[in-house]
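Following this line, the structures themselves.
Two complexes are shown next, each including subunit A; its partner changes from subunit B in the first to subunit C in the second.
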Partner chain A sequence: MTVILVSSDNQDFKVDKEVAERSILIKNMLEDVGESDSPIPLPNVTAAVLTKVIEYCEHHRNDPVQVPEETDDPRKRSNDIEEWDMKFMQVDHEIILAANYLDIKPLLDVGCKTVANIIKGKTPEEIRKAFNIVNDFTPEEEAQIKKENEWAEDR
Partner chain B sequence: MTSSNSEAIAIPEILQNVFLHLDRPSLHVCARVSRLWRSWSLHVAWLVYSIPRQDAADFLAQRCVETNIINGASEKDQGTDSEGCPLTQSKKPSIVREFKKQCYRIQSLTVGSDSHSEMALWSDCNNVFSNLACALPTSLINLIHLRFGLCCLAHAPTDLTIFSDIITGLISQNPNLQHLVFFSHQQPSYRVLFTALRNNPLQQLRRLDLCCDLNINGFSHLLDLLAMRSKFEHLEQDHGRASELTTAGWDLEELIIRSSGSSSFEQFVWDSRNSTTPPRPVAVQKLTLFDFCLAVYVDEQGEDEDGDESERLQINWSVLYHLCRRFPVLKRLQLSSDIPIDYKPSSVNFENYIYDSLRDLDEFESDVFWHPEQLAMAMIKACPKLTEIDLSHHRELHPEDWDLLLQHYASQLESLSAWSVDQLRPQELVRLVPPSPMFIGQFGGHPSQKWIGLQELDISANSSIAPAIHMFFKFVPTLRHFKALGVPVKAHQLLGFDWVCTSVETLAVNILIPTQAWPEREIWRWDVAKDRWRMIGDDEDDHEYVYLGMDTELPFPQILQESGNGGRQEDSSSDSDSNSDVASDTDSETDSSSDSDTSESESESDTDSSSDSEGNSDESPASTSAELESKGAPNEAKSMKRLTHSMQIQTAICQQLGRLTRLKELTLEGREEYRYDNREWDCLHLTLKTGLDYLRPLQANLQKLVVFQLDEELCGQEEVEWIAQNWVHQDNRVWQDAFEARSGSSLMPPRSMDNPAATLGGEGTTPVLLCPQFRELCGVSVCGKQQVSALEANMNVAWLEAQCPHLTVEKDVTGNREVFFSGQYQDY
Partner chain C sequence: MADSFKDTKGKDTKGKDTKGKDTKDAKDIKKSLSDMPAEVLIQIGLALPCRDFGRFLQTNRSIHSCLDSHYVWHQRFTTRFGQAILKDKLNPPLSNNDPSKLTPSSAHPSPRFPSSSSQIFHSSSNNNSNNNSANTSPTLQQQQQFDDQVDPVSAAPSPLPSPASSPRMTPSTAPLMPSDSSSDDGNGGEGSSSSRAKRPPKVKPRRIDLRKTNMVSKEMLIDMYKQLSRMTLPAEDMMIAHMGNQFWRMITSTESKYGKLAELASVWWMDVVAVFVGVPPGRYKVQWRLKVTSDAPVVNTEFRAVLFDKHEDQSTAVEKKSALTFRPMSKQEFVAQTDSPGNRVNKKPFRNLFKGFTILELPGELHVEVDYQNVFLQIRNHDDWKSGLYIDYVRLVNLDDPEQSQESLSNGLHGKRVAAGNEPVDDEGEEYYPSSSSSSSSGPLPWFKQVLGINPDAGIDTQHRFRSRATRQFHPVNPSDLLDVEKGESSAEKSESSAEKSQLSAEKGESPSTARNKSNELEEHRKPVERPDAWYRLLTFLFIYCLYICFWK
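And then the complex of A and B:
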């Protein structure tokens, strides 16, 4: 069975239902709508990004559904990204936004891992430059924070 | 970076998700980027915190006469930070200050350690707690997870006091605790914990994990404490149905007890037997008792003075009996050793590992103390909702008990672990196998269609179970984890149908490859009257089973000659198959779902069968066989024919294995030239000539291949190249191009020992960063085989390691497979 997804720029995408339901958002929509041929609008996702998201979901269509592990530590690893996923994420980071909106947790995790790997090893200034972030600390605040956390940053 | 990156990072939930992938030092760097980043990075940085044992005094106590931050450890003691990295003494006051300032953020706290080596070290630190008083930070109040692994110095009363104060304080200050792990080797320590639990409601507590010596009364006291907290209510049921207990109130989902000591179970049984009031139920859904020891029964039973055996068979001597009565809402019951967790694949096979680990228990191997079915009936009555059962290495249950248990729980059972259980026979195990789809279709349905579906099955080290193995491959599609280490299954029982368990992620199997086309029939048929699978020949009136002489050699199975596709055929389990048409025990209905016959064939000459072999067979051995025979070398011809047959069966098995594309971990066992039951068996060799290429689809998810107990030949040049091409570098275009350019064929130019690890692409090329799925190859033999010398084997494996830097290769250098004790493989 196929479903039709409509991007924000009104482009239609015909996708297998099994693939589309990798997105929890779409899956819930389909459950609410029931058996219907109505296209599903995705106003927050452009055609270009949706193409990539569908490519990801197709590639991972046979992956088992992730079950949250019972663990005391919520922290995650960032060194276990599949090769295909790594190359995939190099293209466009708008995918992270789309994955968050469409509730595709594995894709969101891959995107966040990729960003985390970019952050590792950089100084605060390098991070600001990489992500176009404005430093809103006052000089006094910055000095105080640096002094307080020096022990934590040194390895 | 595009502006979309900053947009993505600006969303707090995405930012938090990113930070969850960073270590603490990186998080502290992020805390200096901006105010938003600081807020979230500190939140994540402080979610999880670990206080090493030697620093516990600094963080959680203070000297009675001084109020300044003190250094409770010796100067030699470096201590570690929350990531386990060594810190200098000068930084410790800053760390402690920061901890006390930020600890309100901590959700998961570890104090001390749960490792035995750590505990031994702790005992060397004398009087660490002396002159100290508990001084928990008042803002340490938001814990959800607490792991407490301090060992107190019991001979010093002050140490016990402060230890007690710390654990009591942590529990009382954190009413929202959900997971509590308590680890201690000192005997009085459990009383401290129980007192703290008694005085604090901990309404959110879901998991309690204890590793401590509970002493004589500890287990009984624990259950009484938990029973006090448990609330049950009777569900309103339809008229005539018995009321059902459910929990209301404190709902401890999981209770785990390790190393409780046999004395506590002895006392528990004694208290339970002699109690005049009904047992107070405990609202726990998952119960795990590790290192459960059977010896307690023998000690406790004693002997009746008159030698009356009936006195020795009362099940109210059974710990299992009393446990079930105390836990009426159990869904998971695990009473076994944690051996499978400790066992790492090696040249020591699993059966020997169990034998060595549990040798003392096995003197009771043949003793089953209770009347058949009594214990099972008690369990079913007491715990009707079980969905996960682990009674591995248990000696209490008769075959009749297993039959009752599996019959009752089959519809709801998701997981069964029964390794090394000698009283579980194939006839009982197949209770978990539904009838064939053909039968269900023919009869318009069957209750098994509503079964939850078995997902996990571990029946390792039960060689007598072997006749039932193939039934799970054939009729149980829900399996995700299947282990049958040391249980040899005949390959031709696994052929003739497509394996339905294509969702399996973990598979451990021992496959015997026949070297001849021996006559074999299906040994199971569905008994409509009894609504169960029955082994042909069980009934005295059953004349279906035909014995053929061992010397009779039938030609190659017709199906493998024709299809060449693993012997797949349609499910011919209907009445139309004359070979399976059997009258049932009752008169009216016929058995309709006898399994397809894998080797029923017309009688042909041996010569014809060899020359007619088609499909996946390598023509060379077959034609060579005919040639040898024509030259008057019948023994060599026979040997070649057996090789042909073995290779074809191996290929067919590989075809089926290759369909299991969700496999993450695969363990294969088997021995070549294995003599059993007056027959000679072979094993999977995993070469290109015996079907290795059919395993290519496993590249999708396979992470680990274990072949320690398999006489494989993966060390050949073609085989290691195949692994690199198809399981590691399948998406690496650069590597593939270089491989093709250098080799031009499947054969690589000879590699010298001087540079066995020359990376494809030449020096100076930037290696492509890869993260392939396939990460572990365990047990590949480098001792040399017929075709490959030991030197070549080592060179080939070295090449593979160099080409696949992410692949961990564990070599087996032992050469000889360890033999289990005699009598391992029973005749069946």
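And then the complex of A and C:
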């Protein structure tokens, strides 16, 4: 069974229901809509991003659905990302936003871990530069926060 | 991906917006990590190791406000150390009169920035395109559920969408429960301050309830995290059997940056245990900082490391198979694993091999796989009396961390070994090894050497052989006198001496004087064997002397 997803720029995407239901948001919408074939609008996701999200869901369509309560899963805690996922994430941070909106936890995890891997090993200034973060601390506040978190340097 | 966060005005972005240039500019301006929804930032923060998390907090006000919350610290804590450690703190005792078990390290929580919270909520509310308040993400739902369950007072309805900072921002208008008032700290919760203004100040220390999501409980969590995440454990925090009486004692010392050392006076059952919890995955080297004045506490002592999981009890680690084990059977073997150059191990008194404290690095690497694990380190020797050991600390050196890996003896300190001390030896109670060159020049009977396994010249620099103090102290015995007795075995020993002659002649840098002395020595029949301990040698020497007296007198 196929469902039709409509992006914010009015582009239609036909995907299998099984693939679409990787998104909890879409799954809940489908349950609410029932057997109707009406397209599902996604006003917060552009066509380009939706294409990539669908590509991800297609690739991982056979992965077991992660239960949110399984917080002790070591695989979740490790920062090992599949090679395919790593290449996939070299695209756009909007995928993370889309994954958050569509509630696709595995994709969100991969995205967040990718960002975390980029942050690793960088000083605060380098992190700001890499992610276009504005330093809105005063020098005194910055010095104080640095002192508060000094202990973490060797942990 | 980092590039996508930069200004992309000149690029043909993938997210083409047909609504006009203004929207596109707004989108470009928004492409900053700090503009991400709170739940996304929290996920990123939880995926970061401790050091990088600390650095990430320093980047921006909104990121700091979002991530430096009770919820995030609690998640980080339980991920790394497990929930079991918090069990006692989350189930406080029934009586309210119990003295507090833990108080925050600082009397007052560090000042926060009240304006930052309003900023983050403005930014997150503007980012509604991705954060539909009607359909909150599981992370936010969990956080709100957590807050509601543990602190119903502080979970009062807030006009602000993100509950990430709700414990701090939400004014508590509901009257405080009596149990809360006795257990809550005076600084806990901005909302409680107005209702508590008229209360008389309490004298006895307050018990901190980790179920509350207020500033004080958060500070307590952070303090506990700091304590448990240490990669260096001082002697004070180790479990040493027989500590506190005449066997082991803690002494204050300026030689340690922690100010205290564990001093071994004398003990039979030596058992020192250090436990690291929540060690991140990676490869580690185990280093002990010790001061040894005698080889007894280290030779034939087992230094071991065992890995066990968060849910396993520490007592099971004692019997588990060691991930790393090191049991030096000789002084050389011990010294080889330290930062001492190890010259003249058998010539110098043991303590002179080290310049004060030494770093003992266990051979091999400790591999922590996949998930956080606990590391159980032990020094144990349950045989014979031993004394002369000081323990400063033990630490784990992360070989995967470029900043730390240089600390390993196999990496950074290799080649920079600390020169041994040359201070005069106080022989009272210290082990002293008389030079074997005296016995070599005096020519102990070869069959004694063969039977008892004495190698007078093992490990001795040939250039300094005859300059040792022992040479000056002992009168050399004429080898020819002894050789008369050995005539029956000379044929076998001649072959050995020829082998040794070729070996000695192959050594470079020998002076003519030493060459002459060497030629004298080559007349003796020696067989290089391993050197026994001091008291064996002393007995041997006495026995030889008695024989000498018997035969020649």
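We adopt the following convention: the second predicted complex is superposed on the first by the 142 of 155 C-alpha atoms of A that agree within 3 Å, B and C clash if a C-alpha of one lies under 4 Å from a C-alpha of the other, contacts with A are read in each partner's own complex, and residues count from 1 in each chain.
In this text, a residue touches a chain if its C-beta (ideal position, glycine included) is under 8 Å from a C-beta of that chain, and two chains touch if they have at least 3 such contacts.
Computed from a prediction, not measured in an experiment: that's the story for all the values here.
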Which of the two partners, first being subunit B and second being subunit C, lies in contact with A:146: first, second, both, or neither?
-> both
Touching A:44, do we find subunit B (first), subunit C (second), both, or neither?
-> second
Please work out whether A:103 is in contact with subunit B alone, subunit C alone, both, or neither, and reply first, second, both or neither.
-> second
Which of subunit B and subunit C A:33 touches, first, second, both or neither | neither
Intersected contact list for subunit A, partners subunit B and subunit C 74-75, 77-78, 92-94, 96-97, 100, 108-109, 112-113, 115-116, 119-124, 127-128, 130-137, 142, 145-146, 148-149, 151-155
Touching subunit A in the complex, subunit B uses residues 1-9, 11, 13-14, 17-26, 28-35, 37-38, 44, 47-48, 81, 85, 87, 91, 94-95, 98, 107-108, 145, 147, 179, 181, 503, 505, 661-662, 700, 731-732, 769-773
Could you please specify the touching residues of subunit C with respect to subunit A in the complex?
-> 1-2, 4-7, 14-18, 31-34, 36-37, 39-40, 43-44, 46-64, 78-79, 110-111, 113, 129-132, 135, 137-138, 142, 226, 229-232, 281, 370-372, 404
Enumerate the contact residues on subunit A facing subunit C in the complex.
-> 9, 25, 44, 46, 48-49, 68, 71, 74-75, 77-79, 89-94, 96-97, 100-101, 103, 105, 108-109, 112-116, 118-124, 127-128, 130-137, 141-142, 144-146, 148-155
Residue numbers on subunit A that touch subunit B, as the complex places them | 62, 64, 72-78, 80-84, 86, 92-94, 96-97, 100, 108-109, 111-113, 115-117, 119-124, 127-128, 130-137, 142, 145-146, 148-149, 151-155
